[in-house]
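In this document, chain identifiers A, B, C and D correspond to the written order of the chains, with residue numbering beginning at 1 in each.
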Amino acid sequence: MVKPDLKVRIGALELKNPVTMASGTFGSSGEEYKGLIDINRLGAIVTKSITLKAREGNPPPRLVETSSGMLNSIGIQNDGVDSFIKDKLPFLEKLRTAVIVSIAGHCVEDYVRLAAKLDKVKRVDAIEINISCPNVRGGLEFSKEPDSAAGVVEAVRKSTRKPVITKLSPNVKDISEIALAAQKAGTDAVSLVNTFTGMAIDIDSRMPVLGNVVGGLSGPAIKPIALRMVWETSKKVKVPIIGIGGIMDYKDALEFIIAGASAVQVGTANFVNPSAAIEIIDGIEKYMRGKKIKKIKELTGCLKT
Amino acid sequence: MVKPDLKVRIGALELKNPVTMASGTFGSSGEEYKGLIDINRLGAIVTKSITLKAREGNPPPRLVETSSGMLNSIGIQNDGVDSFIKDKLPFLEKLRTAVIVSIAGHCVEDYVRLAAKLDKVKRVDAIEINISCPNVRGGLEFSKEPDSAAGVVEAVRKSTRKPVITKLSPNVKDISEIALAAQKAGTDAVSLVNTFTGMAIDIDSRMPVLGNVVGGLSGPAIKPIALRMVWETSKKVKVPIIGIGGIMDYKDALEFIIAGASAVQVGTANFVNPSAAIEIIDGIEKYMRGKKIKKIKELTGCLKT
Amino acid sequence: MKQAKGKILSNEEAKPGYYLMAVKCPPVARAAKPGQFLTVRCGNATEPLLRRPFGFHRINGDAFYILYKVLGKGTKALSSMKAGGAIDILGPLGNGFPDPKGKKDIVIVAGGIGVAPLAALAEKLSKDGKKDISVIIGARDGKSLLCREHFEGLGIKTMVATDDGSCGKKCFATDVLEELIAVRRPFIPVIYACGPGPMIKAVAHVAKKRGLEAYGSFEERIACGVGACLGCAIKTRSGYKLVCKDGPVFSLKEMIW
Amino acid sequence: MKQAKGKILSNEEAKPGYYLMAVKCPPVARAAKPGQFLTVRCGNATEPLLRRPFGFHRINGDAFYILYKVLGKGTKALSSMKAGGAIDILGPLGNGFPDPKGKKDIVIVAGGIGVAPLAALAEKLSKDGKKDISVIIGARDGKSLLCREHFEGLGIKTMVATDDGSCGKKCFATDVLEELIAVRRPFIPVIYACGPGPMIKAVAHVAKKRGLEAYGSFEERIACGVGACLGCAIKTRSGYKLVCKDGPVFSLKEMIW
């Protein structure tokens, strides 16, 4: 049988396969993983969210493990967009995979200026709007209401010709509503989900374990909820969906694709097993061969209910 | 040191300790666990949600295990309130623990009639309003908006003199908003959380694993989110909070209490280890002795942030 | 029904992919009947979370055996447990195989790992000397054929059917059943079956055609195991029944396919 | 830095609650320097989820040792792994202990399990014969005292302090340090420390008072281990640094208490 076709489209952007790295879990350029995996095999990488000015991030501890999951409260530590362009681009230039840059801000104006700056950078293939980070005041709020979400998307849409992906928060009543609003506002795709706001308490000190009190829950624990959200959203929107949440192996990835995702992002799994994403690509290809599926597109949204 | 005082108050109702059994996880009367544990040691039991008319429930499979959690789509299978009163009361009469009866309906009128019928039953110590079951159409919707939630609570409040506990859904943007509305509407306490709507897919058949497509996620996987919701709600409402979500041992229970819960409900843990609730009671008492805490009330909401 | 700590007496691979575990646990073993089941906790992490259900494969005195197929994480964890260790047991659960009453002739039809609980049944029935028992075992191939020696050791005539003919006849267990019933007349046996859905369905079909009394042991996902969660519902002519409480053994007449 | 399958050569309890594991893993062992660390996957379930970090306790050729304290689920799972089995290793990670350069005198201060990475350091430093090395080990009691024989085997003078005086002096390791510095003049050693926070803080205090060069190995919760998640931030005079990438060894002057 001929090699299965894993190519997928996210708006104008074509990825060699649907497996990409989730923002904040693969470094600010992926350079940290250089020696560990062949980054060029990935469909794309999404870089750590950047802001206009540098952010030092939240006080430690920033991590705590929970049952089949983890809480993080990094707080979008980053050196700001200008240093990103200066320091990270040289490495990104060398990669032969799509580069999606994640941006975060406190107000619409922040997003606009970030998008405008990145619009001029050739190596940036697409922009992911992080309006859903539970670890910074402001950020999360945008994705809580259809209007505020649409506001950011519309403004960013106007300030760049690059494909725009809107990343949604699961901490809402109906995520498909927000996705629909983002679509109306002109996003080329939606990615879901970001982390669930959670917390952990040390019963001896009677204090929160995280320096920031609350953090974002990620990992296998959230997969069933994230998968349901992708499925619900896929019934409402036409734009491509990038599925995220607890994807650890090719089976998890396929569940998201069958539920309606065109591509997936691998996050926490990178910490557990740096080779996870590569193994997922191989696993999907093997599955397609076994089932004689020629194009991955045939699988997207093929769930029989 | 004298025996620590574990007594807690839920409105007019006093419980001998804060450890209670969650609706749907301890049978429709607890009789199934008769031979296994000493039910009379529990603070209370919450019976399986009952409806006006019998419901046969959802098609199988109704269960699937997920990472540190499980999905269920029982669909409130029950024989209806009249059979409940006829068949289950004899056993409940014999118990020396508080009996909280959970009710579910499709419209406000259902809840009103259920509450009115139960109001006449002496053995019923309190009523828990389940407006948050993801497995029946209608049910979940009430807890999605402050107004609809308040509507049910108000109506039930008018139809019974028994303590009323409102059980909230976590599938919302801001659960403390709903809790506040329920408080305004006259609920004596709020219990949170019910299950998170989730799903699982069989990648070979490309069909949902559950007969009902989606189900409710419970177990340790959801604990960090449930704990955060209890903490957020405790900052907003004055009525007692009953913490629920992935409580497997006394440490988990104490995290909820420190976050602001006056009592807790043990659900999925009953399946994993039928003795869990009893071990939790013993564990809390041991912790209090070790820390020289006289009254459990001192612990509720003592989180230092 | 009790939750008790059992002591693992042995835990060895019986056939590739199949393990036999002996557990000493008086309160459970003493009360167990063939066809009933137990649940075990496969480790004490939250993963795997739920207890796993297994039939009583052999029951003797203070101890019992389970025969299990290594499928996923739970059975994998179970297979790595060492003799001498402790294990958390809940049981006996559900109802056993109903007594054949006066009936003299018994046919036991086992498919794959479905043979596990039927071994205990055969052992019990063969004790009262008056029964005429035939066992039909179906398996993928000779390598995965289970318990033949056990039945023959009980002096029970045992017929084998394998998918690839590598052992016994190359056909389905139910083909052997049809034949057996066809040749022996008058022959009005009680049939007990456990195995894959399609096999039990075929047995039900044969039983219906011949008007024979037949029982099968069924599976559903189990959470509580005691009838409390209503999670193991299975469709029957009289509505949903619970595999863990009303079953796992049901009269085949009752079932809907 | 590589992710590689290692082979467990041995895994035994060194002292009650402490295990010593030898792993053959050429790509990691060959590149490892004292003070660096590795992460291991404690099983392949999703629980425990994250890899667990451990320092290189001894490095020789294709193999290395880790010495670990059984604390929670990860180390518990690790302690049950058998020799001959495979284990998923990621390393070497972080930076090792900086070279003392020209300095001749070395003092190593270890508290509890903190002795683990310092053993590798002592072994390396003692190889170049020109160093004068003193080791101070602090422990709860004699039973939980680790590695004394190891250091003495290297011909290093080893002083012991225990909380209960059941072995060596009844005081803190840092009291021994103060004394040592007080009696030996002129004495301008480089100090390397690893242990509980309060101990390292006390070492930093002594070093500051005497104007001595001192390094400590620090801990934070680790997720990626490679500097990608920014989860292991620790406060220093020059802002947040990453324990996994900038550390785990830091100059004590740099730290904020």
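Convention: a residue touches a chain if its C-beta (ideal position, glycine included) is under 8 Å from a C-beta of that chain, and two chains touch if they have at least 3 such contacts.
What you see is a predicted model; the values in this text were computed from it and never measured.
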**Request:** Give the label of the chain whose average Cα location is farthest from that of subunit B.
**Result:** D
**Item:** Centroid spacing, where centroids are CA-atom means, of subunit B and subunit C in whole angstrom
**Value:** 37
**Item:** Distance between the centres, which are taken as Cα means, of subunit C and subunit A, whole angstrom
**Value:** 47
**Request:** Send over the residues of subunit B in touch with two or more other chains.
**Result:** 67-69, 219-220
**Message:** Two or more other chains touching the same residue: where does that happen in subunit C?
**Reply:** 46-48
**Message:** Can you tell me, using the touch rule above, whether these chains form a line, ring, star, complete graph or other shape?
**Reply:** complete
**Contacting residues of subunit B [partner subunit A, same complex]** = 66-69, 71, 144, 171-173, 196-201, 203, 205-208, 213-214, 217, 219-225, 227-228, 231, 246, 251, 254-255, 258-259, 287, 302-305
**Request:** Name, in rising order, each residue of subunit A that touches subunit D in their complex.
**Result:** 24-27, 32-33, 35-36, 48, 56-57, 59-65, 67-70, 72, 74, 77, 219-220, 248, 268, 270-275
**Asked** What residues of subunit C sit close enough to touch subunit B in their complex?
**Response** 1-3, 41, 46-51, 88, 90, 220-235, 239-240, 245
**Prompt:** Can you name the residues of subunit B that touch subunit D in the complex?
**Reply:** 67-68
**Request:** Could you pull out which subunit D residues touch subunit C in their complex?
**Result:** 45-48, 73
